[in-house]
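Look for chain A in each of the two complexes below; its partner is chain B in the first and chain C in the second.
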Partner chain A sequence: MRELLGHFALLNRASGKEERAELYSQIDAKNLSDFTRYWRPMVAERLSQLPRGATPADANLQDWHWDWAQKAEVFTGRLAYRSFALEHADRTQGLMVCSLVRRVREKSRLNQHLVYIEFVQTAPWNNRHYTTTPVYKGVGNTMVAAAISLSLEEEFEGRIGLHSLPQSEAWYREYCQMTDLGVDDQYQGLRYFEMTSEQAARFLK
Partner chain B sequence: MLERKTMTLNLHESEMVVLDTLAERKGLSKTALIRQALRLYQSVEERLEQGQKFFFEHPLSKEKAELIVL
Partner chain C sequence: MKMHVDYEWSIRKLKEDPSDESAAGIPLEALVKMGPVPPVVSRDEKAASPGGAVSAARAIGAVGALGRLINLLRRRDRLSLEEAALKAQVDLAELLRIEKEEHYKPRPRTIVQLAGLFKVPVDQLSKIAGLKIAEDPALEQATLKFAAHSEQLTQLSKTERDALNEYLAVLTQRKK
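So, the complex of A and B:
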């Protein structure tokens, strides 16, 4: 059942002021409707602006094809997954789905449980790869904090892991201070990152 | 935190020993371990119902051993 988990601050880049967003424990029909009505047209418009011959990856739009309605069909009703939606100003500002059945690869806690972020995405109007004037800052930060909180709640000590798209690697490495465990040949050649319990505690401070 | 419901679980001594051992090894409470087991059970069961097989692969030899789920 969908539940309000709390309020989190997003920075309105235009006004420079913080605004309160609501984090919900489950992606619902309204979020999927927002994705179809507001996210997709903006993604399509951005793709149409690409120079002839350029690929979405060239413009760091590696998540352009993500279909949250399709993803919801996979994770809904399955205990192994937990989804989150961040809402503000009557719009879905970010979406995330996590898995609870993956294991740690980092050797100090090898094989212990962690929260694995399967997919996390901010609305295209907040993403500088889709617009030159992103609206809100802080969606990614809120979602990573939510994944850590879930990990603590499940007694995984704050450990999280994820495969990063190339466009986001620096953010996870430098801002989140996650450990870069290198390219995963078994997962589309994406780099795999983990956050230890100590790194998670530092992130939440 | 999502709403939780409470139940009483009756286990044999041998089952309790395994539960205690696994909980200790994974750094989880017994409740957290059973919740984790339920997630895994549902995942495996769904795949088996779809006709899929469940394998373990040796990291070096790549030899696969099918887990027979009764």
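So, the complex of A and C:
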């Protein structure tokens, strides 16, 4: 069931002031509608501006292990997944989907359960790769905290894992202090990161 | 679910965060290129008809749960993959895919045959397989617990056997 998990601060980069965003435990139709109506055109516009052959992450989509139909099942409550949406100003500012059935790769806790972030994205208007004037900052912090909280609630001791997109590697490695387990050839060559329970506790301080 | 941080924490973090570069998993470009999102339950529909056809459209199956369940049942009965496929009269390759591929969706006939072989309710097995939809929080919880805590070992451990028996009890109770 969709539930308001709390209010968390986003920084309005224009005004320099914090604003209260709402974090929900489940992505719903309004969020997907926002994705279609507001996110999608902005991303498409940006892609159309890139030189031919320079499209970032122009992956062979058949290789991705999901398609939209599967994601829709996830969004509507498939058991092994949890989804989150951060909303503010009547817009979806961030989306995240986590899986509960993955296992730790890091040696000290090998094969223990963790919360795996299938994907986390901030709205394109908050992302400097899509606009020179991003609107809000702080989506990532709240989403990582949500993933850690989910891990604690599931008694996974705060452990999380994810495949970072290239532009975010430094954020996860240096700011979040996650362990970099190197390039994963089985996942589009993205680098895989994990956060131990100790690292999670530090992030939540 | 309880958040382990609060609003004050998020304000502090804003000051520490140099860039807010948090993109992970599937790139936004890829999500956009995949095409339109299928319709899902709207907030209004949920509120208006909690038991209606649309809001009931929730897949019970946890990813990986069906494969683990079949794997454990097969090993409980000391059957090889080939023996199980032969006894259930299902395709060996499909049985292998059920056990190995988290997202594989088996054919309805295969589920009926496997339910018969392992003597579990076909209706509940169909839900776990994602072939049927239902609103059953207790079964969801049991399936999630089972999917999250069962291990892939050569022989059933006591923990696995307990988890399997507990889950089978829930399935049987919900037989209709």
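The definition used in the following text is that the second predicted complex is superposed on the first by the 184 of 205 C-alpha atoms of A that agree within 3 Å, B and C clash if a C-alpha of one lies under 4 Å from a C-alpha of the other, contacts with A are read in each partner's own complex, and residues count from 1 in each chain.
Keep in mind that, in the parts below, contacts are C-beta pairs under 8 Å (C-beta built on N, C-alpha and C of every residue); 3 or more make two chains touch, one makes a residue touch a chain.
Remember, it's a predicted structure, so these values are computed and weren't measured experimentally.
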- Label the relationship between chain B and chain C on chain A in the superposed model as either fit or clash. clash
- Message: By the touch definition at the top of the document, which applies to A:E157: first (chain B), second (chain C), both, or neither?
- Response: first
- Query: So, A:L86: does it touch chain B (first), chain C (second), both, or neither?
  - Reply: neither
- Of chain B and chain C, which one contacts the greater number of residues in chain A? C
- Task: May I ask you to decide whether A:E3 touches chain B, chain C, both, or neither, giving the answer as first, second, both or neither?
- Result: both
- Examine A:R20 and indicate which partner it touches, taking first as chain B and second as chain C; both and neither are also allowed. second
- Message: After the superposition on A, what does A:L100 contact: first (chain B), second (chain C), both or neither?
- Response: both
- Task: Based on the superposed arrangement, let me know which partner A:A146 touches: chain B (first), chain C (second), both, or neither?
- Result: second
- Considering only the touch criterion stated at the top, classify A:Q112 as touching first (chain B), second (chain C), both, or neither. first
- Report for A:Y175: first if it touches chain B alone, second if chain C alone, otherwise both or neither. second
- Check the residue A:M195 against both partner chains and state whether it touches chain B (first), chain C (second), both, or neither. neither
- Note on the structure: Residue overlap on chain A between the chain B interface and the chain C interface 3, 25, 78-80, 100-101, 113, 153-154
- Which bits of chain C are touching chain A when the two form their complex? 1-7, 9-11, 13-14, 16-43, 45-46, 57-65, 102-103, 130, 140, 143-144, 147-149
- Message: Residue numbers of chain A touching chain C in their complex, please.
- Response: 2-3, 5-11, 18, 20, 23, 25, 28-30, 32, 35-36, 39-40, 43-44, 47, 55-59, 61, 64-73, 75-82, 97, 99-101, 113, 117-122, 124, 126-127, 137-146, 148-150, 152-154, 162-165, 167-168, 170-172, 175, 204
- Message: Which residues of chain A touch chain B once you look at their complex with the stated criterion?
- Response: 1, 3, 25, 78-80, 100-101, 112-113, 153-155, 157
- For the chain B and chain A complex, residues of the former touching the latter: 1-3, 26-29, 32, 35-36, 38-40, 42-43, 46
